[in-house]
Structures are given as C-alpha cells and as structure tokens.
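Each of the next two complexes has subunit A plus one other chain: subunit B in the first, subunit C in the second.
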Partner chain A sequence: MVLSTAEKSYIYDSLAGENSTRTDSRKNNEFRPLKAVCSFVPNCNGSSRVYNPDGIECITSVKAKVIRTKELSDLINVDVDVEGQRDNSTLCLSLSAMIQRALVNNFDFEVLRLTDKYYFQLYVDILVLSVPGDFKNSSYTLYSLLSLISMGTYLALKSAKLPLLTSTTNDREIEEEPSFADDWELATDLIPAESKFQPMLIFVVGLVGSNVLVDPSLDEEEVLESGLCIGYCQGNIVAPIQSVALSTADGKAFNRKLLTKALETVKQIGQPVVEALESILNTEVDEYGSFF
Partner chain B sequence: MSRLELYSPEGLRVDGRRWNELRRFECQINTHPNAADGSSYVQQGNSKVLCLVKGPMEHGANLAAGTKLDPNGPVLSLNINYPPFASNERKKRPKNDRRLQEISIILKRCFMKTIVLKNYSRTAIDINLTVLAMDGGLLACFCNAITLALIDAGISLYDYVSAVSVGLYDQTPLLDMNALEENDLSFVTIGVVGDSDKLNLTLCEDKLPLDKLERLISLGIEGCHRLKELMDLQVRVAGGQLQERQ
Partner chain C sequence: MIISISVPSKPEASDTKAGSSVVTPGELITDDPTWMRGHGTYFLNDKTYSSVAGTVLKVNKLLSVVPFKGRYSPETGDHLVGRIIDVGQKRWKVDIGGEHDAVLMLGSVNLPGGILRRKSESDELQMRNFLKEGDLLNAEVQSLFSDGSASLHTRSLKYGKLRNGVFVAVPSKLIVRAKNHSHDLPGNVSIILGVNGYCWIYKTPLSSAADHSASTAKTNAELSSAASGNYQPGQGSVSITRLEQESSWDIYSDKNDALSASIKDTISRYKNCLLSLSQCNIGINEIRLVRAYEISLGYGDTNLLFREEVRQSIGEDVIAQEKMRGAG
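This part shows the complex of A and B:
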C-alpha cells in the first residue's frame, strides 16, 4: 500500500511509543499466521511450501547429488527466484548469498559425508511465487522475505530423505563411488532424528523508537527506523547479525541498547518457532492429498 | 531403457496402464485466493503444475512498456516458471528458453480463441504458470491449468479446453504419455473445446506418419472429453462450496 505522509506519521507514532499498537493489533513479538506443508514434490529429496495470508508464498526444494570434493563450502548451493524479478536482480542475488552463507557457516557437514572423498552436495532452490501487486510503487523492499525463506529452508532440509547407503563406510579412504539401495522405503533422513544439529533460522526484526517488532508487516516496514536480520541456531544467536534495508525511505541510526533488546527477543521467540516447525514436520502428508 | 520395453506384448505400458488409459488426474481451483484473482493446481500422474491468473485489469504488471491495450479484446501475457528442481535431473533453464517461449505463444493463440473477447476490450490478463514437477505432458498440463484458473477468475470462456498428449508406438496409439515414453516415441498434443470435436490446440514436435494421425487424434479427443468431465466435476464442487459459504 502506498502511504501518505499523514498515514506514515500516524503509524510511526503508534508504533514508537511506550505502549505500542501495531497496525494489525499484534503483540511486538508476535508473528502473522503462517501455514506450511512439506514433502509434496516427489522428485526432490525434500520440499516445503510456506505461505502467509497476504499471499506471499515460498516453495523450497532440496536436491542431493554425490560429488567428490574436499571443499566443504561447495556442498551447499542456494538459488532464490522471485516472481517478476530477473535472476540477476540485486534482490535475488543478495537473498541467495545471505542464505547460502548463513547455511554454510552453521552446518554440520558430517551429515553430508559419505567417505573421506565423497560427499552429498545439496542444491536448495527457493521459489517465491507471488509478490504483492503494489510492490513496484511502494517504498518497502522484500528483504523481509528472509525470515519466510529461512523457515522454508529449515522445513525442506529437515524433511529431506536420502537413499540408504549400501556400500561400506568402514574404510573412509576408499576410492570407489558409494552405492545406494534402490528401495525408497528404506530411505534415511538427511538430518537424523537423534542428531543434535538443526538448520539455522533467520529472523527479521524492525526497530522503531525504543521497540523491537518481530515479523514487520509491509505497511509497518515503510515507517521503521531500521531493520535487522538475526540468525538463530540451536538456542543461540549466530551470524548473520546485520542490518537490512526494509524500506527505501530514509532510515535513522538506532541506539545500541536496542540491538541487545533485539537479540533477547529473537532468543525468546526462537524456541517456540522451532517447536511449531517441528510439529509441521510431524504431520503426515499424503502424496496425492490436497495440500493446495 | 530400450524402446522395445515401452509397450509389452501383453499390452501394458511402463507404468502398468493400457494404451487408452489416462494417468491419475487431480485438479483443484481457487488454491491461492489471496495471491491472485484465479488460481488452479493440476496433477497428471507425476506432473504438477500451478497456475495463477491476475485480471482482467487495466494495467498488466508484466506488460512491457509501450504495449498498447487492444480495443478488440484482452492482452494476454503469459509467464512460465520452470524451476531447476522440477525435472528429475536438476537443470537450470534460462528465462527466455526458446521451447517455453514457443509453448507460451501456442497457449496464447489457443486461449484468444477461447475467451469471449468482446467482454474484455482494453484489459490485460496475466497468466503465471509454475511447474512443480514434470513427468511428461508439459503443454497438456499447462492448458488444463489455465482453463481452470481462468474459470476461477470468472473470465468468460466459450467452453473448457482440455488437452492431452497422444503418442505412437509402432502401430499402437498411446494416450497421455509420461516422460519415459515422450523421450523415445513421437507424439502430438491436442486441446479439445468442451464436448465437441473441435481442436483449439495442436502441437507436434516430432515426425508422425500421416495415415496414423487420424487414429491418434480420435483417441486424444476421447481422452480430452474424459478430462473435461473431471475438470467440470471439480469446478462444480468448488462452486457448491462457494454457495454454501454465502
């Protein structure tokens, strides 16, 4: 929505004050409702679909391939495609780069290891299906997609299945290519249930006045002073912690106390979000069912 | 896989169907009520396609600068999204892939004959197709998905256009080919208007003997009529739900 100066100042004042009121009457640390399903694309190892009620939808797929390499940072490739944006647009490139770097930095490469020479390489393809119609003439940017995309990636990685390895792994120096069982019924999880490792999540928070807003909506983004993206992994705050431009309008500098407050907020909401995502993973999906 | 294994002497195909059987067909409409004016999801066997329609509207978001709106009918713009994960082997396609561009021109021509043009002068209709998984029948899936999404958007059509691919194995026509069969056999995709025998869409990218073409098309028409019934059923279910809500 394109906001007038009066509307902007009204929204700003109601957000910045002591008892802030958000435009959709959420609490400061409350998400908008999200829906998600996973494992619905049969020819991918893992897949997920996350969408929120204003129509923004993100489909993520994980495909695995066996390669021979020593370079661990090659093992994860992320590709973001936003509807109506060119592949080489700044938005697509910076979203892919941020997600890729964040995943590589916080990944347990042991789950991808087959032998000392062979690894699984993961391709994470992210498709943002529809962007709001007024995107072109409004001042918000779509960097807030980061949080939606990271949840999609989390679900796709956690739901990914790999074929059962049948060749021996006793001799890790082994030269031969690993071989796998043909039966998909025997497939194992990419991230085993007993493993402590969890993929990382990125949260986008908005800073306004002395308040930290979780999951800012599009009209809130237009008045925020600044935006931050904060990584969360297994109960801890991890890189990236950086500011993102949520709006093309001029931002302001923020108090550094606010940064600590933002980190605290993310630490608080991280666990409930992870639990919610886990419960989605545990819901059975019928391959021919109605997930749309 | 050898070409000979595609149709066994007992008359069974690789996926266990007979020559005149369709794959499992599932469709849904109004899947994305908040993202677009009309939306649909079509699943033919393991092929899955999503279609979002925006319009009719005065300005198309995808309309290239300088494109004039047409006083005699809508300007259709078609955008095909074929993500790298859709095929079995991951493969990145450029946005201006020539085959996809050709397919979008064929679909545009087909639907300009199907939409009641006089109702939509000086408007734009944006059609956005997304392939989630592809196992043969690309054009057929697109055509069925667009028909359903246009119906959902409330755009007046003369009738359904249902499409299916038909291939030829030696002397036997095979209905609704999957990717394995498409790789090795020549085939033609046809789109039929409603319950008539009128074809609004034909595409043949391989060589086919002319004397067999008639048999292929008549088998295809039968398949299309069946698909139309299934689509109509789903539209009526969705319409019934809509009525209940009011």
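This part shows the complex of A and C:
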C-alpha cells in the first residue's frame, strides 16, 4: 500500500502534534492487540506462534542439540525466513543477524551447559507468514517485525523443554557424551522457573515530531521520521540500540532528547509486555485436544 | 493497558444439522447430472462439487455456491473507492480489491477546465499531475470487460480524488448495496462506503453542508425570476455551470483542509466503529454505522475503541438494538 499525499499529510499531522492522535486511536505507548500460543509444534523443543492484527504471523521453533565446544557464541543459531523473500535477501539476513547477536549478548549460557565440554546448541528458526501482498511496491520496510519476532523467540525459549539428563554431572571434566532419559514426561524446562534469567526482547519505536510511538502500524511507518530498535532484558535497556529504517521514504534526523524519551518509554512498557507474555506461557495449550 | 496478548479463539464446535447448505471446497453437492452448474462449482464424473467455502444457492435448475469470503467482483454502476497503482498510456491502473485491477481511462475523468474541453497531448503527458501512484479516488464502474475487470469513470462532481480523511478496508461482502453509498454522518463527518469494501471517512466538505440551503435559496430565486419573466438561457442547468466552476485544478489538489483535533477524533471513532462491525461480521450500512457510533460514545474515550473486547461488545449492542427497534 502506497499512501496518497493527502493521507500521508493527514497521518503525519495527527502524529506529530502536541496531542497526537494515532490513526487507530491508540495511545502512544500502547500495542495493538496480539494473539499468541506456545508449544504447539510437536517435534520441537519449544515453539510459539504470534500474530498481530495486520495478519502478519510469526512462527518460531527452538531445537536443541548436544555439541562439544568451547565457543559460547556458537551455541545459538538464528534463522529468519520471511514469506516471499529470498533466504539471502538483506531483510532476512539482517533480521537473523540482529536477533542472533542480541540473544548471544544477553544469554545466560549456564542454562545450556551440560559438562565443561558439552553444551546444548540451540537452533531458533523463525518463519514470518502472511506478509501483506502489496509489500513489494510500498514504502514501508519490515524491520518493525523485530518486535514481533523477539516476542515469538521469548515465548519459544521460555516454553522449550529438554530431556532429563541422566548421566552424572559431578565430574564436569568427563569425556563421554551425556545421556538422557527417554521419557518426555520427565523433561525439564530449558529456562528453569527458579532461574532469574529472561530472554531479551527487542522493541521497535517510531519517532515523529516530539513523540515516541510504540508498535507503529504499517500506515504509520510510512510517515515516521525515524525508527529505533531498543533491547530490553530483565528491567534494563540492553544492546542493540540502533536506528532502523522503517520506511524507504525520506526520514529526518532526530533530537538527542527524543532518544532518552524512547529509552524511558521502553523501560516503562517492558514489564507489562513481559507479564503479558508470561500469562500466555501459563495458559494450558490444548490445541489438539479440541480436534481429537 | 499497554499490551494485551490473548490466546486465539478456537473454532467453536457446532452441531452440523442435516441438510445444512454450507459446503467446503471439494465437497460433493449432488450427483444428479441434471443440475446446471453455476459459479463456485465444478463437475467431475457426473458429480457436482463445490470449489469454494460458502452456501449453496439453487435458482430453478441452476446450482451455485456463494462464497463466504472472496475478492470483490465489480458490477456496472457500483460506487467504488480505489487506489491508483500505475500510470500508463492514456490510462490509470486502479486497485479496487478485486481479482483484476480496474482501468480508468484518461477520457473518463473530469479535467481542469470543464466538461467541454478536448483532451490534448499535453494532458497525456501530465497525467501524473492529475492522479499519481498511491492516490485514492472514488469512481463508478462504467463497464466490464469480458474477463471481469472493470473500467471506471469519474465523470461527476461526486467522484474524484479523496482528501481530508482516512482509508479503511473491510471485506466487500459486508457492504450492503444501496442506492447511495456516500453519506453525511452526525459529527460533521462524511463517509463513502465503497461497494468493494474500501471506505473513506472524511470531514464533510463545507460546500456540501451549505449546499442544501444554497440550492433551496437558488430555487426560490429562480422561482421569483421566473415569475418576473426574465428567463436567461442555461438558467436551470446547474450541474454544468457548477462543473465548470469547480473543475479547476483544485479537484486534483493534494492539500488537506485545516482539520481540528475534534474532527480527527470523530473520524477515528467512526473508523473504529466500522472495524467493530467488520470484526463482528455485521453487514454495514449507514444506519448501523450511526448506531455503532452512538453506542461507542457511551464507551467514553476514543482510545479504548481499538480493543478487541470493546469492538465485540459494540457489535453485539448494534445487533441487540436492531432486534429491539426493528431493522428500520
């Protein structure tokens, strides 16, 4: 969808003013309602499905494998696949790289450690479906998906289950490969409930005039002056903090004060988002029960 | 509330009644070969199957399936809202949400300078100055081609480029066909409910509000002048004079009028009401939209209306009111 000049100026004027009114009448710090389920793919350790009212859907799966390594940054592999985009397109590659780097930098590798030599390696595969059909000839980009993808990754990682380790861990120097229980009923959580560690989230905010908009919708993206992605982990702002091009239309430089405002906004919204995600994790999933 | 994340609702298990006329793609409708096969069906080994999900419609011996969902298929005379996606040789390509893009010929638009002006080569060269990619317009389907694609025209003052408002798309099935698809609503806001499901909510233009009184004043004046006996040629031909007056470059302007915050608030309230009706799968017409608007006023602040549960309850209230008052 390319907006007409009149629409653009209408939306821009509504957003940039002192009392901004967004086109869908949200407040500046509100998200659109999301839908999410987790652990619905049977052959993965953890999975999630999140979709927003634009219809864009993000399916994430986490698979684990035991490897022998010392290099901790190898332990997480992220692959993003966007419908209608080639695997080696800039969008897919940069989304994968950003999510991977963000996860590696803010991960508690203790939860992946089996012995001193063996670790779980995680493969996080992300599939983005139902990209709007007119994406090719529109001026918005899909970098705002970072936020949706990171919520999907959060849910998938938190819902991931690993088989129970049966071999001894007393001697961490042992050479033989770890062995696991066959019974999936005994599976343990990848991130144990008592662990304080939470996977990180990435929020995308739009900057326009003197306002910071959370979760910009596609038509808002076309008029934004610039966009930022900001990492959030356990109550703190973390890397990446960088600007992302939310639209190919000409942007503007932004005021330094606006960056502080954006960071404050993310700090504010982080906790409610985490709580909402946790409540999804706690809902019993009975995806198949209703059909069989 | 900063965010709401919910588990998607599951399809409710409904008891399938015997003889229910709802069919799914590939479902056998009949093995009686005497039926004529209409839209939404296919024929294999003397049996008729449905090719879409919808309800079976039988007219005499013609069997067709009306799909629940699907792309809009244009008909001559439909009032549409569309978006220019391409500028070509003497024609614009317009997205109308149908299977094919519609065409708008350079010959079927009003150009600055009035109806009697001839189209010249320079008009062809400056087509992008009239309408360019992304521009929204309302138009009427002039004719259909054999493949079902439409040719549009904007040869009337009520058609043309759209300004001063927001665009909303709803499923085309929900728009109830009516005599008139552009309405002035309470709150100084107007709407064009395109038959193709594309809608435009905008500030009521000043001339239209003043129009009513002006036209009555004019008829009075005409009456008096007719009574006094000095009739002038072309006196009754209001439309042509107005066309010549108004089809200056202004009709292709991209500039919005000054819009107050309250108008914008009302527009976004109407937008949310439209989306509420669409979310609840309620057929959309002017009366229901106005009722939804009145109900939404009871919910207070506009920025509550994007919530799903609020939209759901607005839709339910509209249905409940309609049952109470009757459809009128």
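To be clear about the criterion, the second predicted complex is superposed on the first by the 287 of 292 C-alpha atoms of A that agree within 3 Å, B and C clash if a C-alpha of one lies under 4 Å from a C-alpha of the other, contacts with A are read in each partner's own complex, and residues count from 1 in each chain.
Convention: contacts are C-beta pairs under 8 Å (C-beta built on N, C-alpha and C of every residue); 3 or more make two chains touch, one makes a residue touch a chain.
These figures come from a predicted structure and were not determined experimentally.
Superimposing the complexes on subunit A yields a three-chain arrangement in which subunit B and subunit C clash. Of the two partner chains placed around the shared chain by superposition, neither subunit B nor subunit C is touched by A:67.
Partner contacting the larger number of subunit A residues, of subunit B and subunit C: C.
In the superposition on chain A, A:55 makes contact with subunit B only, not with subunit C.
When both complexes are overlaid on chain A, the residue A:26 reaches subunit C alone and has no touch with subunit B. In the superposition on chain A, A:123 makes contact with subunit B only, not with subunit C. By the touch criterion stated above, A:104 is placed in contact with neither subunit B nor subunit C. Shared-chain residue A:238: touches no atom of subunit B or subunit C.
Of the two partner chains placed by superposition, only subunit B is touched by A:84; subunit C is not. When the two structures are aligned on the shared chain, A:164 is found in touch with neither subunit B nor subunit C.
Only one segment of subunit B in 152-160, 170-178 or 206-214 runs into subunit C in the superposed model, and that segment is 152-160.
In the three-chain superposition model, subunit A touches both subunit B and subunit C at residues 290. Touching subunit A in their complex are the following residues of subunit C: 1-8, 10, 13, 83, 85, 95, 133-136, 161-167, 254-256, 259, 261, 264-265, 268-269, 271-272, 302-303, 305-308. On subunit A, the positions that touch subunit B within their shared complex are 41-44, 47, 53-57, 59, 61, 63, 65, 79, 81, 83-84, 86-87, 123, 125, 127, 129-130, 133, 136, 288, 290, 292. Contact residues of subunit A toward subunit C in the complex are 1-7, 9-11, 13-14, 17, 19, 21-27, 29-37, 50-51, 134, 137, 151, 214, 268-269, 272-273, 276-277, 279-280, 283, 285, 290. Within the complex formed with subunit A, the subunit B residues making contact are 24, 26, 28, 31-32, 34-36, 41, 43, 46, 48, 50, 52, 54, 61-62, 81, 83-88, 90, 92, 95, 128, 130, 132-133, 135.
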